[in-house]
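Below: a set of structures, written as structure tokens.
In what comes next, subunit A is part of two complexes: it sits with subunit B in the first one and with subunit C in the second one.
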Partner chain A sequence: MNNKAITLRPRLPYSGVRRFFSSWRQDMKLQFRHHFYSAYLLISIAYIILLRMLPDTYQAKLNVLLTFSDPSMLGFFFIGGLILLEKGQHIHDNLFVTPHSPASYIWSKTISLTCLSLISSLFIHISTFGIHQRIGAFIAGVTLTAVFFTLVGLGVAVRCHTINGFFFSSVVYSTILVLPVLEILQVYTSKLFLLFPATGSLLLLTSVFEPISGADSVYAVSSLLIWIGIAFYWAYSSLQSNILGDAKGGRDA
Partner chain B sequence: MIEVNQLRFKYPRHKDFTLKGLDFHIPQGEIFGFLGPSGAGKSTTQKILIGMLKRYEGSVRIMGKQLKDHGRDYYNAIGVAFEFPNFYSRFTALENLDLFRSLYDVKTEEPKKLLARVSLEEYGHMKVSDFSKGMKMRLNLCRALMHRPDILFLDEPTSGLDPVNAKTVKDIILQLKSLGNTIIITTHNMNVAEEICDRVAFIVDGEIRLIDAPRALKVREGKKAVRLEYREGTALRQADYQLEGIGDNESFLRLLRNGSIETIHTQEASLDQLFIQVTGRTLT
Partner chain C sequence: MNRAAQLLLSDMKQVRRDPMLIFITVAPLLLVLALKYGVPLVSAQLVAQTGFDLTAHYGVLFGTSLLLIPLVIGVMAGLLMLDERDEQLIAYYAITPLSQEGYFIHRLTLPTLLSGIYILLAFIVVDFSAWSAGQYGFAFVMLLLEGPMMALLLTSFASNKVEGLAWSKLGGLLIFIPVLAYMLPEPWRWGAAVTPTYWVIELFVHNRTMQWNELELLLAGGIGLGVHLIFITVLYRKYARMIA
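Now for the complex of A and B:
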């Protein structure tokens, strides 16, 4: 018998970073293979046509609502599809007997779907309004909103066993989370909406057309970052208990 | 390599312990088999050893360190092939191997070379959804080997394989052992255990009833006798002879001399028989 050393082998340089980017690339490839990108190309074209058909006075408000409710929130629904697909193919056990950590898994999925949100939103926005000075606020709004909703979608999806179960739960979660839209639609206003992450999202997206104060910008970004932190913690705990088997006496690594 | 002492485990909301105080040591370079019926605790033991179940009691030392103290680096050193070979079905075999390969922090094997080892080189660009169970099982082994693990955990490694591919898999396992790798096999299949395991443990109801080399068990627990089948005229006859003093047994020597013997078999116990004898259970 070859009596070789039994210590852990040295890791390749920057292995954590390399693994994360590789996982991100693989997630995007998986989304591409499942036609997420072609589906959103068609949807984006449909939105562009719709926006161009509207009078100029409605374009801005509709762009804000469309961007918030669809491309920014697409991660919420698509992450459900991805997680349930992986659950159906029983792939998680195999993924987590590699050095791939649950946190890295969550972020690579979240960032890859955020890329899709951003590409789709920018395609719609630039096709309608062109490139302008406030595009940075738009990108920040879409990115932070997409990250938040994808994390929440992941937390919901890992608790569900079927697509139907996911859609039922997602209606409950998304209805509550998008309540501040009522204010934009001038249906209902409340100071409590300031506590909702969607208020920050809508503020940033609206600021593209109606500049907001520095304090409002700080509030919007800070609120979304805090909510992202909460959503990540919730998604992480949900993954631990529902996928990694903590509820069944599972692991905590 | 692996030292387990007083390992106990209870699933949440279960009244009884699934593992009731297991003790075993597996040295480096050994092929060790866990044998037992469904629900005996084999898979739970494997899940603990691969870090999937953490809330156990007792001591599990692997590579000189408590398992609980290993970080995710541990997965660079172990390879796992689960019983059910699950992959991304819309990806090809090579795409799947590339994906899993990218998750390791150490040098990995070239996926095409691995596919060639299990005779799948022609199917690298085929989607896994079009693979048969046997092909997936071989791909499963490739995935477990791609980062050259020191310890390999294989659950029913020859399940669903035809005899030729089963032999290929067994040869790969034996080759890995010759390179100093430690291999832990969980199986119902006594033939696999007899052929390749250095030692086996019988697990029943969360307890290890017996641990030893398959040959030693068979010889120790079997009858020390031979059974002959021979022709007498046109009739087929059978006779058993004790090994002790067989060289002076006239009846046996006469049969040897007259050339009527068709078969001779020693009467050591098979692992199947032994398992039933020790545990009172069958391996189903």
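Now for the complex of A and C:
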């Protein structure tokens, strides 16, 4: 007879943290298996060739625009598919009866996609400009932008039923959110753009090439952090009402 | 045909609830308008500001913009099919009189027709009046094949909609590669000739002042069509294997 006492594993204070890390690792694995990394490897190489062929005067500006519009925003695009696939497979019903909290679910998805943004952006940037002192500003710009846009994408995705519906909604949201790009392109300028999160992103990314004042850096980082707070709150309550609480399972899109 | 009409009717009902149709109709239209009015405006501004003459590159610009029409529509059709596969709807369609082939043809007919209409519209509205009927003709057939090709690329390689998104990014790269090739020096640019999209852009790179002779045009058009057909055949075979 087996006399070994069956002891329940004590609930460690850091079990939430461990759960978060294993979920983050799982998300990264899933994204790797779904060819996100191979797709972005090829895309990054294409961007590097493009940047290297351009005259030096255009390289900096194009790098800012490319980084902002593609690798930084990829989370916004991919999160739609991830959420909708899980929705279709009814994963959420089972997932949220476990101790895995909605907040750590959101952060695990967001941070894993941010890793891809960061790897791809840095690969493009370092291959063209090398490693330099202002790389910190670049990393901060990409990370904060990627986190913000992935959170918004998550908020949009939980409201949608189909992937094409998600695209339609995301075009509407992203068009409004990226308006400050018009200023970089010298098409239109407005003081109102200071309220947009994209202004902070573009300021940080541009600061890599044209140093900005300390006050501007503080403005850019704090504006993005505030926007990330708002986006998280919105994504969290959207998840609560559209997936966890609402029996209808989300609105039409 | 009657069955296809029934599915079409149910699609139309779906469309009223799905804002995707607005996107599919509005996006190519905006593109055509941007080409007609935006390009000359930007071109004039560029010359004034930087002395850069965009008119010399209208061919590659026109070709790339045209390629975007079947890309967007084809990717949407592909994602719709992946959505339906994820929900196992294709299995249901397959046991109805519509059959699996009927479903496939139906899902690709509408996007092809739609992109055909927009491409013709772009040909008529955005006339930079520099290309011959032969160039337009070859390009039209190739562009018509691009939509189903993009949809097939997604459905034959992606096992679900998440992978479909990654593949749609690579589909976008198919348009980016010929543009890169246009900027590369002579022997290197031919590397892009294996992509079907290269040949659409190649057709428009020559204009009236730098004309194709007939043999060259026939050769470029013929090779382009050949590359398209090879791609479609290979992708279709892969799709059929995946479904079976």
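In this text, the second predicted complex is superposed on the first by the 233 of 253 C-alpha atoms of A that agree within 3 Å, B and C clash if a C-alpha of one lies under 4 Å from a C-alpha of the other, contacts with A are read in each partner's own complex, and residues count from 1 in each chain.
Rule of thumb we're sticking to: contacts are C-beta pairs under 8 Å (C-beta built on N, C-alpha and C of every residue); 3 or more make two chains touch, one makes a residue touch a chain.
Computed from a predicted model, the values in this text were never measured in an experiment.
S.K.: Report the partner of subunit A that touches more of its residues: subunit B or subunit C.
M.R.: Of subunit B and subunit C, B contacts more residues of subunit A.
S.K.: By the touch definition at the top of the document, which applies to A:180: first (subunit B), second (subunit C), both, or neither?
M.R.: In the superposed model, A:180 contacts neither subunit B nor subunit C.
S.K.: With both complexes superposed on chain A, which partner does A:23 reach: first (subunit B), second (subunit C), both or neither?
M.R.: The first partner, subunit B, only.
S.K.: For A:153, select first, second, both or neither according to whether it touches subunit B, subunit C, the two together, or no partner.
M.R.: neither
S.K.: With the two complexes superposed on chain A, say which partner A:34 touches: subunit B (first), subunit C (second), both, or neither.
M.R.: In the superposition, A:34 contacts both subunit B and subunit C.
S.K.: By the touch definition above, which subunit A residues appear in both interfaces, subunit B in one complex and subunit C in the other?
M.R.: Of subunit A, residues 30, 34, 252-253 contact subunit B in one complex and subunit C in the other.
S.K.: Inside the complex, what are the residues of subunit C that reach subunit A?
M.R.: Where subunit C meets subunit A, its residues are 17-20, 22-23, 76, 79-80, 82-83, 86-87, 160-167, 169-170, 173, 176-177, 180, 183-184.
S.K.: In their complex, what parts of subunit A are in touch with subunit C?
M.R.: 30, 34-36, 38-40, 42-43, 46, 49-50, 53, 77-78, 80-82, 84-85, 88, 162-165, 167-169, 171, 252-253
S.K.: Using the touch definition from the top, list the residues of subunit B that touch subunit A in their complex.
M.R.: Listed in rising order, the residues are 1, 9-12, 28-29, 50-55, 63-64, 71-78, 80, 82, 84, 86-91, 95, 99-100, 102-107, 143, 150, 177-180.
S.K.: Please name which positions on subunit A make contact with subunit B in the complex.
M.R.: The touching residues are 1-4, 6-12, 15-16, 18-19, 22-23, 25-26, 29-30, 33-34, 89-91, 93-101, 244-245, 247-253.
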